[in-house]
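Okay, got some structures for you below.
In the two complexes below, subunit A is the common chain; its partner is subunit B in one and subunit C in the other.
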Partner chain A sequence: MTSTLLRRAAASVVAALLVLQSASLAIAHSSDPPIAWPLFSADDVLQFRWMEGEVPPLKMRIAIVAATADAAASTASRAATIAFAAGGSSTIEYGANVFCGASGLACADGWHAPNHFHVAFRTHGYQFDWGRLQWCQMQTPIANGCYDVENIALDEFGHVLGLGHHVNFSDESDYLDAIVQTVSRARPKAGWNADAFGRCDVSKLQLRYDMVNSARRYSTCLDLATTLSLAVTDTSIRIGDTVTFTATVRVADVAAYERLRTNFVSQRKVVLERRIPGAAAWTTVATLPFGSASGTYVINASPTLTYEWRGYFLKPADEGLRASSSAPFTVTVAGGCSSPPCPQFSMDKSQQRREP
Partner chain B sequence: MRLRPWTETIGPPLLAAVAIVSVVAPAVASPPGSVVAGNSTMRRAPIAEPLPTCRPDLQPAARKPPALDGASWYRLDPLFDASGGLNGQRLVVGRVGRHDEFGMSLAVESFASGPVGGRILVGNDDGQRSIVRLLDVAGYCAAVVHEGRDVTRRAILEPSGRGMVEFRLDRSSRADRGIWSRPFDGSRPRRLLDPLAPNARIGRVFATELSWSSDGKRLIVNSCGESFCLARIFDRSTAQVTTIDDPRIGEVIGLVGDDLVAYGGCPTLPCEVVAMDLRTGGVRDVASLAGLATTSVANGRAVVAFEDFTMDGRLRLVRLDGSGLRTLELGDDLRLVPAPDRALAAIELPAGVVAVAAGSRPSKAGLPATFIDLADGRQLPAPEAIR
Partner chain C sequence: MKSHSPSIIGGMLLVIGGVLGACSSPGSAGPATGGSSSAVSEGSSSTVATSATALVTTPPAGTSSSQVGSDEPSNHPTMSEAPAAFLVLGGNRFAGEVGGFTFGTSGQDAPWLPASALDRIDLAAGSKVRVELDGRAAIAAWTARIATAADTTADNVTGLAEDDGPTAEFAAPAKGDWVLSLTITYGEGRGSGAYYWELGVR
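This part shows the complex of A and B:
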């Protein structure tokens, strides 16, 4: 009885470990988790001022302002931008203790979103158990062990914009995928002076704030399913008639995709494929030119035989979108060639040439 | 403001010079250990003058429940060099209802703790040696209670007042040397807790804070990395150590009975507040979005006071099961005064009373804070001396 219980317990533990392992695999290389406070409005400009009586030293102020530019240049989303303005409603301070608690290099408070935020930097020379905090910008010359103000400011701005700490692999091999980290790195460890949001910061910003437009690239930290629909102006034609194929690519309608769900996906590569009805293999016949409407790809064609057709969206190598294909349909061609070899397909000359 | 005798002897010329210095360089540190006469703005420039030496009363300090009128308080403020780097701390101490505050400038590696029975422990490290002084606030004197080569990173008074508990670091490597009990009667110090073993979850230790349970029977050692914390609880009667290495438990707020009240594992505030039953290990929610928080005991029962960010930061008083007692709206800029390690300040409060102050720290001379009785949520009247 006891051994049975032990075996069951052991089996449960093994199962639990497997679940945990798969969960951790799922977590790693995923987007940063959200932070708990509300979001600022997309496309907003968050202006901050230096807190009266707790103004950072000039060298730190310069680095913090540089970090606002880093953020603006690397969110790749509609996340709010952060900018210094003497009359800004948000504040950045230097030397606070109450706000940050006993540990931490800096801290952020976004609970008053969408109105204002608050960021505090620990003083240069602050004494921790491990030693004195040194900000690299305050040193001449810069020595190892210091922390980069610009990097840490970008981390705090990530928090302000709604990012929680990235969950790394246990060996931290993916550390550079995010600026917003639980443990900051001091010089000269890799990433100590990274000055752009990492791909897994960007992915969460995209999820939470949306893309700037349908042509912008999705972060490779995402793995979004897509849908492709293909329409044709007529499914029953006579030989010599011209039809228009219109493919539309969108991000799939999945709740976890937050603001990205059902987004149109423009200016990628979509191909048109056909096969003899009943055949297994598809043949690519053309790459569809971009349509004028968001997410569309359009081509005119004059089929000379009856075929099944579908569109195929190829997974881009440089972004986090999955491939997808449309449901096939048949375009029946009447009055066509009956003794091979027959011309199979002709396209509007104003559009893309047939592929070999 | 009543001037101390030493200022009366220095004479007007020096005071005039001091006034000029205070305008030109208000944030420049004076030599560590020197005394600063306080005023209502606490900006008077330092005057190099050691505190008179006194032999503190070594009788148990838990003489009687502290009264609000005349209760001691302190706060620490950073001092900067010309480039904006930290080069010291200014300690200002005072008493509620009195206008007799005074101050000391300290080195960067320094701390204050208490007050207990009107006394404050002040640690100062000059890079060669750590010196811990016991300040008698009302007596305006200080006694050196420890001097050593290890870095005394933190120390708190024993509830009895007969000794202190200290956290030591090796001077050259800054390796943890453990938690020690040091009696003031000159007997040998005794190690209570071993150095903290390396812990991957919390990483490099940024801060180690010491505090006592509300009944003074258990010592809490809270070690925090850049984002996460670990707590060790030392029971003085059994010498048993309970280690709480749990991601649900962050910075400790207090220990009342068997309930360890702490922030959840958030890197910043607001954060949830939870209570862990040390007997069972069970964790229950006390508050979902708390800002500054503190624990106290009112009518024999634990109360958590916290800024509730689900209610615009109003002050909420709740039991440990999360049941609400009352909600209070504070005046402009008034915030709860939290635990000393977060506030870098403290007021010796009677049980069942919490303090709120501008910027969450004792600020004004005479009446450094406003006091709230947890039993009925009412503001206590200002002490007689300053009304």
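This part shows the complex of A and C:
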């Protein structure tokens, strides 16, 4: 080990962060807007009961409870969980004279948020100006024109969790991106029985409640800038020495990212790149194994030449994160090869670790 | 689209057992009892009256085109009424029928409102129409869509105009009978609402 290596603790280099300029979120045609009532707490459990004297029929109760499972399975965030409990403080009611407006087949109220909520469903067969309400679960056989209780309940639960109606393109081609919609669809229109939050519902839930952990995927309705820092244990070594590169990926620190800002981003693909100092092109040397700490990617290496190094976070195809790269820095290798051909760069992956 | 993992289904069955055990009501379809005294009655609408010829004035604050009762017991939820929207044509103002909306502490879901639920407004092709809200909210953004009046389930919706601004003004669609829907995003993050009119464009 060289004297240089003795200074390794002090030689860690943290690269400057590269944040893309356009980091703000679009309002239209992206994540659902928030609803204007206080947000329930992350990881909370919201228990509801059937309102006395206004209890939905059995088939509707089953569908509503199924919607609670749909919600729990699809929030992909720390959004509160909704669950039936006989003593629940929130209520769900069913009737002709529920608190919905004149055209509402169902509605949600957050007047008491974040303590409890109220949801109401109009009676099967209720005669509106727009037609007679038919709940699919109440029909045998099911006919076109009915509304799926499970779908509508999930829409209402979306409101409860803080989602406003999705802002669609004018041709509504993105209708399936959200279940929390201004216009409810009857069977058999596309989306009539969707039973999971759409990607633009999920994105707002993630923004408002945060991710479950750093390995979970961000909704593709998001377009979050990321930052990548790359550190090395020593920037001046002798040939044969080993250094450790540690990359750290985070969501950029942007106010619009709400609870997601500066989140660590784990278990994605980060590559290590190098180039001869002054060269234009980068060469990918290795994919960094996951580190044990959140958002980290670690590899040991024994460079045989002086190179510039950087990390590169590749944009995942299946989530709403942007690519980012670290600022480059040089690791100087003394006593090494000065004219090609030179020994191969070697990587030590023996310390590869995965998050538990 | 209907699929659940076994664990979810198992959890659901447990919960459903509790649901069934906790409820003795048959859940009849009759009117609500002992709590709700909403002014909305079956088979009627309390929407501000509209007609092709009626001149509708802006109602005082606190009323809307989706009026529901306000005399409910304090322990019963009450609806935050959506702001009323008016289609302004020449010197006349026609109240729109509100469908789905979120406003204040309430959210309501509704279908596309068909022509049968609306009063027709006759106007000339190319007419400039404007939509305004009552004083309880400002327009932050809006999207106008149309479907033919015969298309009761809005299977073929066409975007007519849209803007991220406070002035919802646009040209009437081509000749024909249409349902016009304006989805308005209220200012100050107060929600959004869909409003409907039937247009007879000649």
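As a convention for this text, the second predicted complex is superposed on the first by the 316 of 356 C-alpha atoms of A that agree within 3 Å, B and C clash if a C-alpha of one lies under 4 Å from a C-alpha of the other, contacts with A are read in each partner's own complex, and residues count from 1 in each chain.
Here is the rule we use: a contact is a pair of C-beta atoms (placed from the backbone, for glycine too) under 8 Å apart; a residue touches a chain by one contact, two chains touch by 3 or more.
Fair warning: this is a prediction, and the values are worked out from it, not measured in the lab.
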| Does the subunit A-based superposition show subunit B and subunit C clashing or fitting? | clash
| When the two structures are overlaid on chain A, which partner does A:Gly125 contact: first (subunit B), second (subunit C), both, or neither? | both
| First (subunit B), second (subunit C), both or neither touched by A:Ile152 | second
| message | Quick one: is A:Arg250 in contact with subunit B, with subunit C, with both, or with neither? Answer first, second, both or neither. | response | neither
| request: May I ask you to decide whether A:Arg78 touches subunit B, subunit C, both, or neither, giving the answer as first, second, both or neither? | output: neither
| query | First (subunit B), second (subunit C), both or neither: which does A:Thr182 touch? | reply | both
| subunit C versus subunit B, contacts on subunit A by residue | C
| query | Should A:Pro56 be classified as contacting the first partner (subunit B), the second (subunit C), both, or neither? | reply | both
| note | Clashing segment of subunit B (vs subunit C; choices 74-82, 92-100, 308-316 or 362-370) is 74-82
| query | Hey, what residues of subunit A end up touching subunit B and subunit C alike? | reply | 36-37, 56-58, 60, 94-95, 97-105, 107-109, 111, 123-131, 159, 165, 182-184
| said: For the complex, give me every residue of subunit B touching subunit A. | reply: 78, 80, 83-87, 108-109, 153, 169, 174, 176, 203-209, 224-229, 251, 266-270, 289, 292, 309, 338, 341-344, 359-361
| query | Hey, which residues of subunit A end up touching subunit B in the complex? | reply | 36-37, 56-60, 94-95, 97-105, 107-109, 111, 123-132, 138, 159, 165, 182-184
| remark: Listed in rising order, the residues of subunit A that touch subunit C in the complex are 27-28, 33-37, 49-58, 60-62, 65-66, 68-70, 72-73, 83-86, 91, 93-113, 118, 120, 123-131, 145, 147, 152, 155-156, 159, 164-165, 167-172, 181-186, 189, 193-196
| query | Which bits of subunit C are touching subunit A when the two form their complex? | reply | 1-2, 4-5, 8-9, 11-12, 15-16, 18-23, 25-38, 40-43, 45-47, 65-68, 72, 76-82, 97-114, 116-117, 141, 143-145, 153-155, 157-160, 162, 164, 181, 183, 185, 189-194
